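Quick one: the structure is below, questions incoming.
Chains here go by letter, A, B, C and D, matching the order in which they are written, and residues are numbered from 1 within each.
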Amino acid sequence: MEVGFLGLGIMGKAMATNLLRHGFKVTVWNRTLSKCEELVQYGASVGETPATVVKKCKYTIAMLSDPSAALSVVFDKDGVLDHINGKGYIDMSTVDADTSSKISEAIKEKGGYFLEAPVSGSKKPAEDGQLVILAAGDKALYDEALPAFDILGKKSFFLGDVGNGAKMKLVVNMIMGSVMNAFSEGLTLAERSGLSPATLLDVLDLGAISNGMFKLKGPTMLQNSYSPAFPLKHQQKDMRLALALGDENAVSMPIAAAANEAFKKARSMGLGDHDFSAVHETYKAPHHSS
Amino acid sequence: MEVGFLGLGIMGKAMATNLLRHGFKVTVWNRTLSKCEELVQYGASVGETPATVVKKCKYTIAMLSDPSAALSVVFDKDGVLDHINGKGYIDMSTVDADTSSKISEAIKEKGGYFLEAPVSGSKKPAEDGQLVILAAGDKALYDEALPAFDILGKKSFFLGDVGNGAKMKLVVNMIMGSVMNAFSEGLTLAERSGLSPATLLDVLDLGAISNGMFKLKGPTMLQNSYSPAFPLKHQQKDMRLALALGDENAVSMPIAAAANEAFKKARSMGLGDHDFSAVHETYKAPHHSS
Amino acid sequence: MEVGFLGLGIMGKAMATNLLRHGFKVTVWNRTLSKCEELVQYGASVGETPATVVKKCKYTIAMLSDPSAALSVVFDKDGVLDHINGKGYIDMSTVDADTSSKISEAIKEKGGYFLEAPVSGSKKPAEDGQLVILAAGDKALYDEALPAFDILGKKSFFLGDVGNGAKMKLVVNMIMGSVMNAFSEGLTLAERSGLSPATLLDVLDLGAISNGMFKLKGPTMLQNSYSPAFPLKHQQKDMRLALALGDENAVSMPIAAAANEAFKKARSMGLGDHDFSAVHETYKAPHHSS
Amino acid sequence: MEVGFLGLGIMGKAMATNLLRHGFKVTVWNRTLSKCEELVQYGASVGETPATVVKKCKYTIAMLSDPSAALSVVFDKDGVLDHINGKGYIDMSTVDADTSSKISEAIKEKGGYFLEAPVSGSKKPAEDGQLVILAAGDKALYDEALPAFDILGKKSFFLGDVGNGAKMKLVVNMIMGSVMNAFSEGLTLAERSGLSPATLLDVLDLGAISNGMFKLKGPTMLQNSYSPAFPLKHQQKDMRLALALGDENAVSMPIAAAANEAFKKARSMGLGDHDFSAVHETYKAPHHSS
């Protein structure tokens, strides 16, 4: 099976490598072409432009760093649109709904097929083929890409119309952001009530809401260590977008709204570039300065 | 090892049975004495009053239904206080801090040793010896009781002064109540945004905050089925008490406060006796009646 | 008309003086008897004990500093209860519902008549006879006391059963506490958005929600000046009690709950003894210290 | 003084009439030209297009119904831009910041001067010359227009850069929306605690936070009557925009966030077109339907 792959950053490189290892023929492209060399060792071909890659392959996967890169690869000279007629294009980058639908419409107008497929999971799951894939758009293209998705992820979902992949990610991240705040409140209450927060972590870990995030973040939060796995400003942006989605659909969400205000407070404290668990700092007693 | 056991309700019977099965000599008492018979089959002796049991054993465990039963067993005629001098008393009932410290003081004044040891876990974990035990009070008594705790629970904690067991339970339940609300908001947002809430459950289950409560309650919540494992009015009472604990210690907890208001809303909708997951109903769109 | 008056603090002295000036015969008592002298100049008689005063007058008004003083005057030796049979007792002190009903029951048991009548307004309105009187309890006693209330206040209300006076005060103070938070948020948002908060005060003052509190507190809040007219810790206590009243009646109040958490945050910043407008400090950007 | 006036709806007609009555020479234009006739009786001239009006007058005031009308009058054929070079343009319509800055930039590029000047107040204040004018943009134009503003309003403010007029309105409306929610909670708590909400209105009216909105809306809210003076969906939009302004500036506003969720809940109950005081309905106990 010949597939194209655009974008060889941390995520893209791991994903393309997995495809090669499992017997896919892959033609890769990257803005900095030298990054393609390592993959050539594993048997990849190199395309000189996105257009070349798309022309050669039945469908092409993209994994780009941000919306502007995602747009540029499609709309710029020698971009995806040039040869998309009759071909499939699967954008696995994390982009907003507007970007996604702009790309979707342009591709469909040119006679191509489009699937958005943002993933949940970062470097390690990408390397281990353990991503969760939230796909939406062209169902036939989804079915065609399933063998690749089965290599890249532990599970993939087809969610219907373009936009639903992004929405599902927002809902999940909104719940996660609220849970992080509930957790921070509990740690703070324990400490201020004379209980050991470390023991609270042990007790939580034995109970009904034991989960990976408490296990991973709890110990570092107790050390006031917030090295950014998921930056707080991005978590707050997702809360804001989820609340906006609720606004469109008249869903009242007081917990998420309160959590969002706590993340904003954290931003005002200069914690936007720290890990989202740094919202913990907002619950501690500040000192009155005046 | 000879231990006493007061209270053979659902929990107490399972716990006393486990002790007998693991070679403990147990003298039991129950207000309705006929309930003792089944345990006699397993080798238990029967005491006619709490006082008799306490007199005979080095330490006595109690597992009673509520604060008034817990107080009555200690303070009534032929109660625990009669022979407590030099003996240990371990109250594993779930009671409020006031009840616990009233019992603690009376026992210490009479020359006895006291440990509060509320548990996390209900019937099934009690039968399987998989409770989590949150003990606080006399450390030497805790050490002495550890062999029994190792049979009754998968893990026991010694948390310091009397009162800390109850406080730890409140903190855990507060986090759980907030998480339940965050979960309900997410399910509602998914549904109203055109996503499948059932798929959301699958996606959550593959992510960082996957936990037993989502797995257990999610499917029933989607069927509007709230058969009470933990009644909503008790969850709301725990939220209220946790917020009061925060008030004492000047801890600001906006998420828990918002969650508490949602549970109150649910009570006002007549859902107090349903499972606490029925707070989900408050997030759905009500119909304007006037 | 002969009336008794117990308690000549700042409020009580002003109130008793007003009664004397308007032709009432008043017999006064104060724990420190020397405080009675000034009133003797205006024509007051002095009673040596609360019992003496009650015996001499048809009804007796009390204006005491706190619940313990209010209880002591009634229940101590030579207290109100000694001669209350057939007499009226009107407690205008600000006390909690429990204190009020304890006094009410004792007086009724002894054959007396009771009215709770907390006031809204402090020193200046007391001097000017401009208090607002929130009375509840014995309706006939209320009617009898109306001529006195007309001198002490600009308006008096009869609210039904004992306890309703205190409840009405809580509801009013709860709304006031929430409004103060809304106001603080607006001032902060204006400042951080590049608008002049002083101009915001001017604009508010011309609009539909212009009110005395904005006019009085706004300018001092902009100077970070919070000299205590109504201490923040008392405002927070009233929010807590109002929320507890809501809890009893299953009323969900998310705004008051969020405002209460802000007042708690302020307490954690050491602002409990400042004016309640110091909650404004919680909305400013704190600096991250670690 | 010769001024132009575009837009003769309810507000515009009242405003232009006031200018004429106070001796201004006014040239008016309206999309439906017949509406100009009444003003001709008072001495107005009529311009056939916005361009004609602008050409003739030193500055032109616009009072249009919504952003699309505001844009159309400026950018369409025979619009304001045609002859704006060296002239002033004052848009008193209520439009969003984007619309306002789009108009501002186009006018400045053509050599014109721009002032945004949204007003607070509706029909009655417009007729009585009692509007509050929130102007921002060109200071010299503001000074030139002051004689007109003095006729149209009781007070006008110059707030600096274009955008600040709209922002000030948002801040004021945000506070108002939160206050309305605090008020609704208080009314509900009173009722459910056995107090008379009507008496609460009387008590509030005698206290520190007595204000026009409580006086105007309270009695109708108690009758569940919400005939729309300011539609709830517009109030909720303003809350959302104010929260977005807070988001830009990292201002945490938990009260406004909670109030916004209540307005969203009201929208989900089908109350969007009722008066914003209908948020009161969200605080009442809903009935559980399942």
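The criterion applied here is as follows: a contact is a pair of C-beta atoms (placed from the backbone, for glycine too) under 8 Å apart; a residue touches a chain by one contact, two chains touch by 3 or more.
Because the structure is a prediction, the values reported are computed rather than measured.
Enquirer: Tell me the rotation angle, 0 to 180 degrees, that brings the C-alpha atoms of chain A onto chain D, to the nearest 5.
Expert: 180
Enquirer: Would you identify the chain whose Cα-based centre sits farthest away from the centre of chain A?
Expert: Most remote chain from chain A, centroid-wise, comes out as C.
Enquirer: List the centre-to-centre spacing of chain C and chain D in whole Å, with centres computed as mean CA coordinates.
Expert: Spacing between the chain centres: roughly 39 Å.
Enquirer: Go ahead and note the Å separation of the Cα centroids belonging to chain A and chain C.
Expert: So the centroids are 56 Å from each other.
Enquirer: Which parts of chain B, given as residue numbers and ranges, touch two or more other chains?
Expert: Within chain B, the residues that touch at least two other chains are 246, 250-254, 257-258, 261-262, 265, 268, 285.
Enquirer: How about chain D: which of its residues touch chain A in the complex?
Expert: 240, 246-247, 250-254, 257-258, 260-262, 264-265, 267-268
Enquirer: Under the stated contact criterion, what part of chain B meets chain A in this complex?
Expert: Contact set of chain B toward chain A: 120, 132, 134, 154-155, 157, 159-161, 164, 167-168, 171-172, 174-176, 178-179, 181-183, 185-186, 188-190, 192-196, 199-200, 202-204, 206-213, 216, 242, 245-246, 248-259, 261-262, 283, 285.
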